[in-house]
Amino acid sequence: MNITLAQAEKMISVAKQKSTSLDTKMNIAIVDAGANLVAFGRMDGAWLGSLDISIKKAKTARYFDMNTGIIGELSQPAGPLYNIEHSNNGLITFPGGVPIKNKDGEIIGAIGVSGSSVENDHAVAEAGATAI
Amino acid sequence: MNITLAQAEKMISVAKQKSTSLDTKMNIAIVDAGANLVAFGRMDGAWLGSLDISIKKAKTARYFDMNTGIIGELSQPAGPLYNIEHSNNGLITFPGGVPIKNKDGEIIGAIGVSGSSVENDHAVAEAGATAI
Amino acid sequence: MNITLAQAEKMISVAKQKSTSLDTKMNIAIVDAGANLVAFGRMDGAWLGSLDISIKKAKTARYFDMNTGIIGELSQPAGPLYNIEHSNNGLITFPGGVPIKNKDGEIIGAIGVSGSSVENDHAVAEAGATAI
Amino acid sequence: MNITLAQAEKMISVAKQKSTSLDTKMNIAIVDAGANLVAFGRMDGAWLGSLDISIKKAKTARYFDMNTGIIGELSQPAGPLYNIEHSNNGLITFPGGVPIKNKDGEIIGAIGVSGSSVENDHAVAEAGATAI
């Protein structure tokens, strides 16, 4: 099972609406079950540096099938996954990456959002991930 | 002058239609005037290896403000730009990358398409580039 | 709106004077609105390792449109952006990177300075950024 | 013996004048005897993709202490240095990179120019290299 482009575009559309409702400008990336990019959109005026971060958040969420913020709790100094960010050409482990599941609960991809506070990033990612 | 996300999404939509009319499945990437990704879409079943190629085609077209195929003619063995592909973290110099101009003729970004023959890739890129 | 080479060279000139007045030797990098290098100068005897750091500081400041030191406060262990430095092929998040604005307050680029204490690096960057 | 920043800036100034006289817009990079960047300037409107190429030309010229075009003759298919461009994180071996010598004939750095035809690139590099 894999996410379709139509589903990914629907998620980006919903994520953009959520972003606008929060008065933010986001980079939004969707990867498939293979952690490869399916769709991407950078809202006008969004931070340029968040382009790469949004893609890395999506990949990180699919690499480990969990919200990125959970990994970030484990990767702190003295934590069990300290500096895991050095793997996979760079992980991003703060909030904003969320796995995407189909109606049977199977993970079919992930969404990564970056451009505001991590709370806003996560809220927009969650809105996108649950849009289908 | 820079391309907007709305313009980029319109181009991807038109490029997808052109791709379907050619019975192909494409990766479609749009970069802005700074050669940074604005929007991306990978059609269901499109070659996975074409993901990176489409992005590199878009960047290459903006890096030199010309169709990628023109550079490829100059980068052949014994040509004046032999092996230019080693620059900029990897160029793609066969057809499928096309600059995007506004109505005043200013370059505001570029589109890169990959997933079929280079003739089809170019035709889809051209359709996208002229959609606005 | 984008910085011109003449503006960038003026900033490097002023930054060099400031650096000399502080008895330091700096690497000074200027990027445009697309975060691509416009001008660079390495003062005689400046640290070689600061070459890459100055460029990364300039890019980081433009990537997020803020002084690099602000990001560094947020990327500490237990901070909301912990290990953000792994994105964008490496960020530098301690002081010395400053956005450059035109007279209308629009960001047209950024300056990055490295070669001494972070206080001196920031002071020289600030002198350069406000030279036009 | 190593090139100074003042010498490098003089070379960039002369190279810019030569570029303007040829009605071209260039990226101009100067490296020192250690093949590390000393100074750089991108003329307004110059190709963005030539940024990296100009730096790689300067490095290539110093790596082997000869004009880049000479290496390009040897790196062709069936040539003795076939595909040497894969080394050193990417060489550029067509014309536009020229070693810089002091008055005693010692190599103290190199200049790389990119933004037009290879003939123009080389002419501007030669003008810069002989400016001191």
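Labels for the chains are A, B, C and D, by order of writing; each one numbers its residues from 1.
Everything below uses one rule, namely that a residue touches a chain if its C-beta (ideal position, glycine included) is under 8 Å from a C-beta of that chain, and two chains touch if they have at least 3 such contacts.
Keep in mind that this is a model prediction, so the values were computed, not measured.
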Contact-richer chain pair (by C-beta pairs counted) among C-D and B-C: C-D
Superposition rotation for subunit B onto subunit D, Cα-based, multiple of 5°: 90
Centre distance in Å when subunit B and subunit D are each reduced to the mean of their C-alpha atoms: 29
Computed distance of Cα centres, subunit D from subunit C, in Å: 25
Rounded Å distance, subunit B centre to subunit C centre (Cα mean): 32
Contacts with two or more other chains, residues of subunit D listed in rising order: 48
Touch relationships between chains, expressed as pairs: A-B, A-C, B-C, B-D, C-D
Interfacial residue positions of subunit C with respect to subunit D in the complex: 4-5, 8-9, 34, 36-44, 48, 51
Residue ranges of subunit C in contact with subunit B within the complex: 32-36
Residues on subunit D engaged by subunit B in the complex (per definition of touch): 47-50, 52-53, 56, 72, 75-77, 83, 85-86, 90-95, 117-118
Residues of subunit B touching subunit D in the complex: 34-35, 59-60, 62-65, 77-78, 80-84, 86-89, 91
